[in-house]
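Below you'll find the structure, written out as structure tokens, and then a few comments.
In order of appearance the chains are A, B, C and D, and numbering begins at 1 in each one.
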Amino acid sequence: MATVEFTPTPEQYVWTFGGAEPVMEVAPGTVLKLWTEDAFAGRVTSSADKPSEVLNPKELNPQTGPFYVTGAEPGDTLALHVVSLEPARDWAASTTIPLFGALTGTDRTAGLQPPLPELTWIYQIDRAAGQATFVAHETDFTMTMPLAPMLGTVGVAPALREVRTTLVPDYFGGNMDTPELRAGTTVYLGVNVDGALFSVGDGHYRQGEGETCGTALEGAMNVTIVVDLIKGGAPAWPRLEHDDALLTVGSARPLEDAWRCSQVEMVRWLTELYGLGPMDAYQVCSQLCQSPLANVVDVNYSAVTKIAKSLLPQSDPYAGTHQRLRAVTVG
Amino acid sequence: MATVEFTPTPEQYVWTFGGAEPVMEVAPGTVLKLWTEDAFAGRVTSSADKPSEVLNPKELNPQTGPFYVTGAEPGDTLALHVVSLEPARDWAASTTIPLFGALTGTDRTAGLQPPLPELTWIYQIDRAAGQATFVAHETDFTMTMPLAPMLGTVGVAPALREVRTTLVPDYFGGNMDTPELRAGTTVYLGVNVDGALFSVGDGHYRQGEGETCGTALEGAMNVTIVVDLIKGGAPAWPRLEHDDALLTVGSARPLEDAWRCSQVEMVRWLTELYGLGPMDAYQVCSQLCQSPLANVVDVNYSAVTKIAKSLLPQSDPYAGTHQRLRAVTVG
Amino acid sequence: MATVEFTPTPEQYVWTFGGAEPVMEVAPGTVLKLWTEDAFAGRVTSSADKPSEVLNPKELNPQTGPFYVTGAEPGDTLALHVVSLEPARDWAASTTIPLFGALTGTDRTAGLQPPLPELTWIYQIDRAAGQATFVAHETDFTMTMPLAPMLGTVGVAPALREVRTTLVPDYFGGNMDTPELRAGTTVYLGVNVDGALFSVGDGHYRQGEGETCGTALEGAMNVTIVVDLIKGGAPAWPRLEHDDALLTVGSARPLEDAWRCSQVEMVRWLTELYGLGPMDAYQVCSQLCQSPLANVVDVNYSAVTKIAKSLLPQSDPYAGTHQRLRAVTVG
Amino acid sequence: MATVEFTPTPEQYVWTFGGAEPVMEVAPGTVLKLWTEDAFAGRVTSSADKPSEVLNPKELNPQTGPFYVTGAEPGDTLALHVVSLEPARDWAASTTIPLFGALTGTDRTAGLQPPLPELTWIYQIDRAAGQATFVAHETDFTMTMPLAPMLGTVGVAPALREVRTTLVPDYFGGNMDTPELRAGTTVYLGVNVDGALFSVGDGHYRQGEGETCGTALEGAMNVTIVVDLIKGGAPAWPRLEHDDALLTVGSARPLEDAWRCSQVEMVRWLTELYGLGPMDAYQVCSQLCQSPLANVVDVNYSAVTKIAKSLLPQSDPYAGTHQRLRAVTVG
């Protein structure tokens, strides 16, 4: 397998899905060893930092990419298998940003209350132990929590000539912020433009489901992925596959619509995999699914529908693509 | 411990939280061995049954109760520990009801499309093997799925003189429909009226998160619970405790508000347990929580915030009530 | 016409739809001359009053009633024509209540921000001039605004054995808070229980559409209404009729669902009045309707669909009930 | 005043806000006499047309523009005064498009119900009489309705490097679909990029509030506007001014958030105009505003807050820009 390494310079960061020139063309089957900057573009470094002072609102959530995938055409399915996610720093940052987050009014859930305090928590990361240390601001409480690295943002260029900021999750993937997107996950995304033009970023060393305060343990990440292409078969919404589960991700507002999108996508997937009629697939999904939220803070909210493979009859999604990609040996 | 057995006659079914006379008074510490009828009031029995023909819209989701808890006063906390949930039948029913469910217009998400087909699936239950068998309507597909018994509905009488149908989940508990309410769970509910007046029902032999089609594997259930009372400390929203997790349940529309209620309740609980300030508790919850949906079909939607105890420092919620109740020996 | 006068004593105030004994039985055709206390139960009287200190949360939005309408049965249509609404005081009060209102987090849109300041504005009312005077708190600004008296709350007992606080708007009417419910309006409500058990209250001397801050110019009101009964024909959602418009009111969350309910109800009404098919009625409603919001602050939000009679072909809703009632001479 | 006429060829239609080269540069003060194609790009012409067959999903809602305004910089305020809107055809078309519209499931409010029937209504337009004729599909009903020409879509290029389809309404204006945007209206939009890059389109000969079925009386339009520029003062959300009212437009989902955005914008405007504090402005807006919906069908929903000038003290928004522009004589 071809292996390509790429670490963007700050000038190479991209801030949109669509609208950016590809950094390179990669053939299906390529292994990419990438580095991603954190969602703050590296600007938050101290527990004394105030996001409103140090952040540049035009430079949030930098992506590494986009990559032009040889042969990818609209209607195809891009498969990205995450081989590994390794924290690239020994610290991570989380913040509360004024009028951003789930437990505060925002630019859309607009109101007149004063914003919450602006705070930054710096977590020290012990990579060997796989732990992060939380230090409280308001009391002298500290605790450790296990690392659980994930990618907040994986997406392709949108359709309809659109260019979206990398803060947005939608049918093209993007800033979904689901902890299910971790090492071992294969992501299937519908291709909207020639070359797919995918990029990745927004590494989280750990995140709860919903990303309540708006930010996770944000940190630079070493990312290894394998790229593959399936001709045709573009799903309407992102699909994910683990060794142990099938998952779909919907993104919309209000939150029930995000979840409905993921549910209808799962119903569709079940009809494809098992030849079920839609009503039977609806019934099966109703009884088997888990519904872990992803984010309730971004431009769209994201919700996941997940079914354990152990609950389902044997199937062969995308002709064994996940099994094949997970077997790739990375040098 | 006093043990009381009670199986309601159909005339004793109750259809509301609040507004019904208690069937008996029970002292804190009492073990209750109850039987609950299914949410269809037993009227769906065959895969040929059409819900619109066999169901009585005024007699849905019958509850067993209400029970008057000795000494319970507004502001107190009722603790109910679920010792065991055992399917009382060797079959279960699930249906699609016209204009009810998550992937259809409803009486509120009102529209002009024709309703989905009305179907009933009867699952044969193998209690020894812990399995239910699904038989498709649209093809000849069949599969088995493991039983995972839970109670859809546990609630107390509401405040403000209200009487609510047992179809409603809200701050008083009710029809929350979360799979987290299973054997081994302790439920903490704020008391709104003298005696608390709690009831239980809506046994599900299995349910996915969200209860997408609107109904689970509905079946009569043998329910054993231990009743306890904590003076004062009423939570704003239901709290649950497992051996391995703390959970809160919010119920509202849209779905993000249900989840926000559960999140704020968890933030509050964390401040109580660890003396954290609210911003630190917000941060900790953001990084540690799981957010499994409960239902996206009922009068209010219900969402759960859950934190594994293994991720948290040692604590002693409600002075060890859960540990104490789970140790009760039931004769 | 029989004319009945009734002013409740404070002990006679009712706080629920359903669950209260009727104060009297009235025959269809009766003219009722009523007095209603304000939504604060008269407890806010000074611009120095803090709602959290002077209000009793269990005694909000007192209703005058309920009235048992002779012959009313479930499935019937109660018609209430508002003959006149006259402010009963020469002042009115509006407040901001902590965590209540549209531009703040609430108990459901739950968050962690501090509440907005608690303020009370007392408006002096010049009934002769039809004007209220606003006096600012934060600067020395004052202005007058015209009175536009309306009833915030008109409802019947709910179905399904429920009892709801008078703070709730729903299919049974209730706390809809629409400025369209004014002198000259006929309200049509579906009857859910024998006698209908309607009540009225929550007089507003003026209110904007949406009732943004959560309260209007709240004031005691002299209310004259004529009661009528139409056998059968219960609408799913409240319908209103003016001399110059047909209106429907939906109440739900999120707001689009409230509006959808009102729209589907209007589509239904158009099919009834003109023999239109549902798709044609959908088209006609799409092009002709106005959509003035009612409230975006209550337990459910309320939205109105309104079509000017001047835009519609001649019709005869409810066999001329509105025309007949508006011609009633009140002694 | 300079007057410029421009009618785009089909190759010049633009389908996005942002991302398109300007067709020309115009100085503040220029009068533009434009022609706009209908939202169907002229592809629906017969009552037998099925939208799913004749429409090109990549070519919907063509805009005339964009125009580069001399001197416009980010943070400035673009003022566009609509001098006249004249239907350019003697017919208009409205349709139901599968899974689009307010009373059906959609791509986001995703479900499993079959779509509504696909129908096209062709309205004959009598420009002299100012009337459109509706002809029913399902019965032999016909009626006329008065023309009320408006522009569905007026917008500038977005911020953050984004390019959005012209189907989207947002903070940059766009597909707001409010009947308030008619001849006599001045629109104030914040400028996000050099030159503002505004365009207009989506003429409606008439539309109800909410645009329930998803389409209005769509028709080509002769549009005369005057362009002006105010340095600085960019509003967060579009502001509109009539001779008789001030209006703000918010766009978001769910609908309450669209409305909240418009309300907060109006509160801000009141504080600017009258030096009010925010709480007093909140109070004044609560009692004076009207809240007519715009659309409940687009990518974001749009809601309007409107206050009649007759209710407000004298003020001078934008230093009399509206008064000045409405006095422009168009040759």
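Following the convention adopted for this analysis, contacts are C-beta pairs under 8 Å (C-beta built on N, C-alpha and C of every residue); 3 or more make two chains touch, one makes a residue touch a chain.
Just so it is clear, the structure is predicted and the values come from calculations on it, not from any experiment.
Steps from chain B to chain C, taking the shortest chain of touch contacts, total 1. Placing every chain at the mean of its C-alpha atoms, the farthest one from chain D is found to be B.
One inter-chain figure worth recording: chain A and chain B are separated by 32 Å, centre to centre, where each centre is the mean of the chain's CA atoms. As a whole-number value, the distance joining the C-alpha centres of chain A and chain C reads 47 Å. Shared interface positions of chain A, defined as residues touching 2 or more other chains, are 102-103, 109-112, 116, 253-254, 260, 263-264, 267, 278-279, 282. Residues 15-16, 18-19, 57-58, 107-112, 159-165, 236, 250, 252-254, 257, 260-261, 263-264, 267, 278-279, 282 of chain C touch chain B in their complex.
If you check the complex, the residues on chain C that touch chain D are 94, 96, 102-103, 116-117, 119, 121, 134, 136-139, 141, 143, 145-146, 206-217, 253-256, 259-260, 263-264, 267, 274-280, 282-293, 296, 301, 303, 305, 311-313. For chain A in complex with chain C, the residues that touch the partner chain are 102-105, 109-116, 254.
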